[in-house]
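Take a look at this one; I'll ask things after.
Going in written order, the chains are labelled A, B and C, and every chain counts its residues from 1.
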Amino acid sequence: MFELFRKKENLRDRAFMILTLLCAFLPLAAAIGFLILLGGNSAEAFRTFGFGFLVSTQWDPVQELYGALPAISGTLVTTLIALGIAAPLGFISALFLVNAPEWLAYPLSQALDLLAAIPSIIYGMWGLFVLAPVMQECIQPFLADTLGLGKVPFFGEDYNGFGFLTAGLILALMVLPYICAVMRDVFRMTPGPLREAAYGIGCTSWEVASDIVLRHGLRGILGAVFIGLGRALGETMAVLFVIGGIAELPHSLFGSGTTIAATLANNFNEADGLLRSVLFALGLILMLLSLSVQAVAQLYLRNMDRKRGEK
Amino acid sequence: MRDTHCCVRRPVFFRKLLNAVMWLLSAGGVALAVFCMFWILWSVIRNGAGVIGLDFLFCGSKPPGEPDNGVGNAILGTVFITLAAVVIGVPAAFAGGVGLAIYGQNSRIGNLIRFSVNVMMGLPSILAGVFVYALVVVTTGHRSGFAGSLSLAIILFPVVMRTTEDMILMVPPSVHESSLALGMTRARSVLCIVCRSIRGGLATGILLAVARTAGETAPLLFTALWSDAWPWHYFTQPTANLPVLINEYTTNSPSEELHAMGWGAAFLITITLLLMNLALRFVCREKKHA
Amino acid sequence: MLDTLLSPKEKLKIKIAARDLSFFYGDHQALFANNLEIPENRITAVIGPSGCGKSTHLRIYNRIFELYRDQRAEGEVLIDGVNILDRNVDVLELRRKVGMIFQRPTPFPMSVFDNVAYGMRLHFKLRKSEIAERVEGALRGASLWEEVKDKLNGSGIALSGGQQQRLCIARTIAAEPDILLLDEPTSAIDPVATLKIEELLLSLRKRFTIVIVTHNMQQASRISDFTAFFYKGRIVEHDTTTRIFTNPSNKKTEEYITGRFG
């Protein structure tokens, strides 16, 4: 009787284990499924264009000639602009939030975190109706004419409020809360004695942050940057409205272009045949980009988790 | 005596100046970010709050120019799609998190799963739409609210799973061990003891994840799409929802009236999500202080 | 005050003088009107049971406590006659002059060489060759040179605990301080390495005024010239080490050094 009871319990335990583990495997299965489906559906595109697809700049729906380079390079450019702004901004903001008195730091960090709660479509809308006009009337004229940056290559003298810089700014704002949150963790995890030793030798608080804390938490900080990178890479709605949406290589900061995600969003619903396969291929490229970025981020952050585990 | 081999001092002034400048910059950085947050919020409120009315909330969407235009169908559709995503995603993700926390420690497969969870968390949300399109829309031959739910569930899944695992691992092992010592099976001990002690934090974490997914647009573009109809054909037809409605009204329409409606919808979604977020954080903080 | 303790021919200059020094953690008072004079180029040991305020007292001398918002000190600490608690005193310069070594070794996350060079680069304008020369000098001064001369570019964190602590001492003396504060520097280190550090401190006595907080009574008697005994935030007795350990005038001191409590 007792034996039987035990067996039943064991059976239930086993069922529990199998069920939960099956569920645990789902993300892995999904990731593999993503790769298979995207790969399978993009086969036609790669058969048609070969790997020249990756470096071709053509985008001609009439003649059905497509290349991925404008979208890929546009994605990289917006991401780089976003990180170029968000990473240092996140670092110094985290510095302030960690050192400021609690009554000030708490509401400010909550407000900053709320940036992550705003849906991306709202960023896109705000970018289109609010930021783009401001960019056109104030910021871009200031940068191009007043500072004379228009003469510098990569900026461009023509501006209309849209383009890579605007998209990059919005993206920077979107990824800032994520970067800042991880950096705040990194700062808080710096051992007290190390901080005291640095102050003890006569450092200013900036010197402590830039020479000691930055070095000590370098991996965590890089991980934070990569998390932001992953987010910026695939963001769709915030970029879609302000990037301009033309399949051309990026030629200037103020110029228009496109990203992989924006290309997908703009064309997918109407596409069929070869174009759809091309879009799947772009999706596959985006997936691989994101995968590699995540892999690097994990590599860097795992070390931090381990350190946290020791505490 | 020692000063004889001491050489030129670096003036403290410039170091202090740099320090002050950086301190100002970092305060400025925070101020800038917070300012932008309020700027976005203010834009949404100024343009959207005035649109809100009974018609707006309870009438279905119609082509521009017709009377009694509203977003009632999109609100209902968003509720349908989000709830279904929660039903599909959350229980399984919770089970997965529990399984990973109990059986997946210090094992290679556990690390692989954890890695895949993190990768899926960082995956661009538009790819979830593309994936479900290829998987569901192509096979069934039509876009549907259900396909939208499925793509949201894919986004929700890794977040909930990771939150669950993190929360369980935060419970000291002694709690778990003592319940095992009472003769409970593993499954029971986890479900009863562990989950009870983490209920609050876990619910908060899951709700935060749901709030974030509810505002996702990109995955719905190719799956649920949108429509002017009420969402009664959730399983078989494109289904109205707020995010895609905003997208349609702002990009594909020159009509001022639709822009205003778009802002109204943006107001609804932003305020709801922000309030939810703030409330959840408040609850969380209260708990920590208690 | 101290003069009365010393034999007439031993006229020592007072380097640090604490006057009516009190300290607060928020509302909690940790030090009560401490008066202490510390002579130049001598080792002064600060002993007492845990929580008696000896580390707290030491942490006032370089104002490191100011990193924490709710901590404050009242009274005066005169270093070379200047009250360093005065707001006008430059805290960066103060901390260069008053170096501190902590309980746990705190090598910076950089190479051995940069660890030592970092502090002096902060405070001095130096040529490359001068830096190398001084790093070597500091490492020799901390009797670490022979052990690390082949791995100057290796990480400071890779050294053993005792080596790390001597690296921290080298780093501190490279900034040319007058005073070395050591807060239980050997409590996290094995006995052999501890002896090495004690020898090192004795050799540094000629150049610096050294104040060392220690739990270890043998250590205090081995290396210090003067000893101050703290109890519950007050200085119970301050005298030459010999007298404290052989013939303490206070009963509490006697109980502590004979190991009856603490």
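Throughout what follows, a residue touches a chain if its C-beta (ideal position, glycine included) is under 8 Å from a C-beta of that chain, and two chains touch if they have at least 3 such contacts.
As the structure is a computational prediction, the values presented were derived from the model and not from experiment.
Colleague: Centre of all protein Cα atoms: which chain's centre is nearest to it?
Modeller: Chain nearest the centroid of all protein C-alpha atoms: A.
Colleague: If you average the CA coordinates per chain, which chain's centre is most distant from that of chain C?
Modeller: B
Colleague: Can you check how far apart chain A and chain B are, centre to centre, with Cα atoms defining each centre and the answer in Å?
Modeller: 15
Colleague: Could you grab the centroid distance between chain A and chain C? Build each centroid from C-alpha atoms only and quote it in angstrom.
Modeller: 48
Colleague: Report, in whole Å, the distance between the mean C-alpha point of chain B and the mean C-alpha point of chain C.
Modeller: Measuring from centre to centre gives 52 Å for this pair.
Colleague: Residues of chain A touching 2+ other chains?
Modeller: In chain A, residues 204, 207 touch at least two other chains, as defined above.
Colleague: Could you tell me which residues belong to chain B and also touch two or more other chains?
Modeller: 15-16
Colleague: So which bits of chain C are touching at least two other chains?
Modeller: 92-93, 122-123
Colleague: What residues of chain C sit close enough to touch chain B in their complex?
Modeller: 90, 92-93, 122-126, 130, 176, 207
Colleague: For the complex, give me every residue of chain B touching chain C.
Modeller: Contact set of chain B toward chain C: 2, 6-10, 12, 15-16.
Colleague: Can you list the chain C residues touching chain A in their complex?
Modeller: Touch residues, chain C against chain A: 62, 64, 67, 69, 92-96, 99-100, 102-104, 106, 108-110, 118-119, 122-123, 168, 171-172, 175.
Colleague: Under the definition above, what is the set of chain A residues touching chain C in their complex?
Modeller: That would be residues 101, 191, 193-204, 207, 211-212, 215-216, 218 of chain A.
Colleague: In the complex formed with chain A, which residues of chain B make contact?
Modeller: Counting only chain B, the residues touching chain A are 15-16, 18-19, 22-23, 25-27, 29-30, 32-34, 36-41, 43-44, 47, 92-93, 95-100, 102-104, 112-113, 115-120, 122-127, 130-131, 133-135, 154, 157-158, 161, 185-187, 211-212, 214-218, 221-222, 225, 243, 246-247, 250-251, 259, 262-263, 266, 269-270, 273-274, 277-278, 281.
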